[in-house]
Amino acid sequence: MKNKIFNSFDEAVAGLPDGSTVMFPGFGGVGLPRNLIAALHRQGAKNLTGVSNNAGALDDKVDVGTLVEAGQMKKMICAFTAATHPSRVTPFVEMYNKDEIDAELVPQGTLAERMRAAGAGIGGFYTPSSVGTELAEGKEHREINGRMHVLEHPLFGDYAFIRAWKADTFGNLQFRLTQRNFNVVMAMAATVTIVEVENEIVEAGELDPDHIHVPGIYVDRIVTIPPDGIWY
Amino acid sequence: MKNKIFNSFDEAVAGLPDGSTVMFPGFGGVGLPRNLIAALHRQGAKNLTGVSNNAGALDDKVDVGTLVEAGQMKKMICAFTAATHPSRVTPFVEMYNKDEIDAELVPQGTLAERMRAAGAGIGGFYTPSSVGTELAEGKEHREINGRMHVLEHPLFGDYAFIRAWKADTFGNLQFRLTQRNFNVVMAMAATVTIVEVENEIVEAGELDPDHIHVPGIYVDRIVTIPPDGIWY
Amino acid sequence: MAEKPKLERQAMCDRLAMEFQDEWIVNLGVGMPTLCSNYVDPSRDIITHSENGVIGYGPLAEEGKEDGHLVNAGGQFVTAQPGMSILHHADSFAVIRGGMVDVTVMGAYEVAENGDFANWRIPSRKGGGIGGAMDLAACAKRVFIAMEHNTREGGPKLLSRCTLPITAPGVVKLLATDLGLFEITPEGFVLREHAPGWNPEEIQELTDAKLIIPPDLKEFRFRA
Amino acid sequence: MAEKPKLERQAMCDRLAMEFQDEWIVNLGVGMPTLCSNYVDPSRDIITHSENGVIGYGPLAEEGKEDGHLVNAGGQFVTAQPGMSILHHADSFAVIRGGMVDVTVMGAYEVAENGDFANWRIPSRKGGGIGGAMDLAACAKRVFIAMEHNTREGGPKLLSRCTLPITAPGVVKLLATDLGLFEITPEGFVLREHAPGWNPEEIQELTDAKLIIPPDLKEFRFRA
């Protein structure tokens, strides 16, 4: 079996080229691969396009906003470009207002489904979400069974950074509760999937085949979070 | 909590109207809801449209072919209309050759994805499967990223008959190994989902929330297979 | 007049929650609507759904008893309930787009008499926050809104037409503000219940849209 | 000439399996191709995929040791292997359409020099059996075919153009018949290896399409 286990986050993200599209899961801070993001920050790749639910929060923890602030991102594709509260100005908002970073705002369900389509080999799909709004302007419309839909396209990644609960040596992954969020579709949509895992990596065969959330065929590199890693 | 537990297969399928579209999972005989099919055979509804991987095998067991042979089906939507071996003539093939039953032949992946689209509120999707073949004739074509695709439409059911391994009182379901097959997308695609389950129904809370294959919101009626039920 | 007490946010959310019916799948948006979860009629059998992939979660977790892996759409720690299940994001929005959600409760900047509403973008600011609101608004069976009746500056928020970019057209069915409960009908806003001490004329004065005042107008119903 | 021994089915499938590379995800169709699973080079690290939602299953189950819930695409009972995982049908075909399958091995009625092949419908019969063949043929990285060189009646199956309705256009890369191994190139069928005792002229005589005979033509390689 191919060895997918890497000894450090720095080794796991080494060689990630400038200009890559990188997918970052996480919702409310849960399932967010903070250790891999910190390693990418140290690694320094530039002109990246990020795919993420938001463009970074405003706390002292490492998240997508850390890469934005460091000038590593040229564009964010996400469901929130504004900060969650108008009074809080994130690094992203500051740069966005000065046109120093680009953004594509996507309804959250469409964002998830576009990644699922990329992973599932679907060339495009029609959704009723966003019809009648500014975000549907310029998109192809089609009435299906009396209801208007817009055409949406698959969203591929070069890399997905994943935060998992358990992994085996083949790369099979399990998530715990709402940690799952975007992790599954991002692992499917990206060419190279890199995982930080909260538990020791177990031998193939130790995870129940009925309860694998991401099959190992989608997973390329796995690192166990060390005791001094970023846990929350 | 709404009571979803029914005492018998006959009660669970009572009132299924003539003309309904009924989805039947199962692959290689595994995950096939034989007890519910037998009850529908006794119930006698007619002019049904069936959705299934095949149109019935040629053994002495109850399956979709039982309903075909009894004249209950007016149409089958499936990935196999011919018998798996040319020398074996199923009831379906006999009737199909005499134009006594209608059929729509769909590539298996497209069949599964059309049901997933129905469940997921997707109005239509583009797939490269079947392009360049007789089955793509008359379908809308579109070139996406240099590759030709055809447009496929969601496939809804009035009823899904499901065979599960475990269930709880809320209707959450788990499947074992390749029993899962079409069961998940059919439960999502159908208005009324009726389940035969191989184990005793447990209390809500006894199944791990991280390992539910079909959430109970998709499930309407559950019957435990009795010792004298059809097990294989 | 401005001195008269208005309705508390909790009362507004309670009032909307009183409309929830047995077996409804209920999605509560970020902010004020999460207050709805503080009041669920114990005789009612509500199923909660959160866009980040939880069906059947329970009340907010007590401090010190949070499970770091279980949050709601607002990122708040919630508790597990028997029968809960977890989905990934694409499957969670399959539930939403598939029409399984009976009601979604959201906040808004503006609501119009044609059922349009706006809650994701202020034109003076670049960008916005859609989250799952557009999917929910377009696909849930009913959209309920909880918001203050007026802006901080005293401007109207119940309009004949939205001025901000909308979240979805023609979907709002019921609206609770700090001045009352409003149904949106093909004819426009119907004032169903007024805040105690407020008469229809006073409410109309603070409203841009023309209010329909039905003969059976009632006083606002509080939680029992 | 008809008396000369041809290749056994197992030898044909072994030969195709010898082309599998480390880490390949391999999908074996119903019928003859499942024989490929009898031979997997132990030095090779192959990952099996079956359309009914299994990744990483093992050899056929011994009689009496079958698990009633675990079958392959042909409905045969197979064994579990460490690292195996299960998907539902839509996710299983997401693997296929998503381009994860490195090779699919199928049977066929006809293969054409342009890479077209036909394996789902005989026009004299109404209907047909597509199963997952169209999805796999359109989306796997490589399509290998294992079939007899001629029909039972002695007719040709390697054609300049298919006469039957095709399963996918232009996808076949490698073909094993009971007379040899054929590569399909932009120029057409190249006879890479001939069955022992058969010369290219004899094979051409039983073939409708024009065969390209390369200078480095070899004898068929058997399993070591």
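Letters A, B, C and D mark the chains as written, and numbering starts fresh at 1 in each.
By definition in this document, a contact is a pair of C-beta atoms (placed from the backbone, for glycine too) under 8 Å apart; a residue touches a chain by one contact, two chains touch by 3 or more.
Small disclaimer: the values here were computed from a predicted structure and weren't measured.
> Walk from chain A over to chain C along touching chains and report the minimum step count.
Tracing touching chains, the least step count from chain A to chain C comes to 1.
> Give the label of the chain whose average Cα location is farthest from that of chain C.
Of all the other chains, the one whose centre lies farthest from chain C is D.
> When I count C-beta pairs in contact, which pair ends up with more: B-D or B-C?
Output for the comparison: B-D.
> What is the distance, in whole Å, between the centres of chain B and chain D, each centre taken as the mean of its C-alpha atoms?
The separation of the two C-alpha centroids amounts to 29 Å.
> Taking each chain's centre as the mean of its CA atoms, how far is chain C from chain D in angstrom?
58
> CA centre of chain A versus CA centre of chain D: separation in Å?
It comes to 37 Å between the two C-alpha centres.
> Taking each residue of chain A in turn, which ones touch at least two of the other chains?
Answer for chain A, listing residues that touch two or more other chains: 113, 116, 120-122, 127-128, 175-177, 180, 209-210, 213.
> Would you please write down the residue numbers of chain D that are in contact with two or more other chains?
80, 86-87, 90, 93, 96-97, 139 - these are the residues of chain D that touch more than one other chain.
> Name the graph shape formed by the protein chains and their touching pairs; answer line, ring, star, complete or other.
If you draw each chain as a dot and join those that touch, the picture is no line, ring, star or complete graph.
> For this entry, which pairs of chains touch?
A-B, A-C, A-D, B-C, B-D
> Which positions of chain B touch chain D when the two form their complex?
27-30, 53-54, 79-84, 86, 93, 96-97, 103, 105-110, 112-113, 115-116, 127-135, 165, 175-185, 213, 232
> Which of the residues in chain D come into contact with chain A in the complex?
22-23, 25, 45, 47, 49, 55-56, 80-87, 90-91, 93-100, 139
> Which of the residues in chain C end up touching chain A in this complex?
30, 50-54, 67-72, 74-76, 80, 86-90, 92-93, 96-97, 121-122, 125-135, 138-139, 165-170
> What part of chain A is in contact with chain D in the complex they form?
The touching residues are 1-2, 116, 118-122, 168-170, 172, 188, 203-205, 209-210, 212, 215-218.
> Of all residues in chain B, which touch chain A in the complex?
For chain B paired with chain A, touching residues are 113, 117, 120-128, 142, 144-145, 147, 149, 153, 174-177, 180, 208-211, 213.
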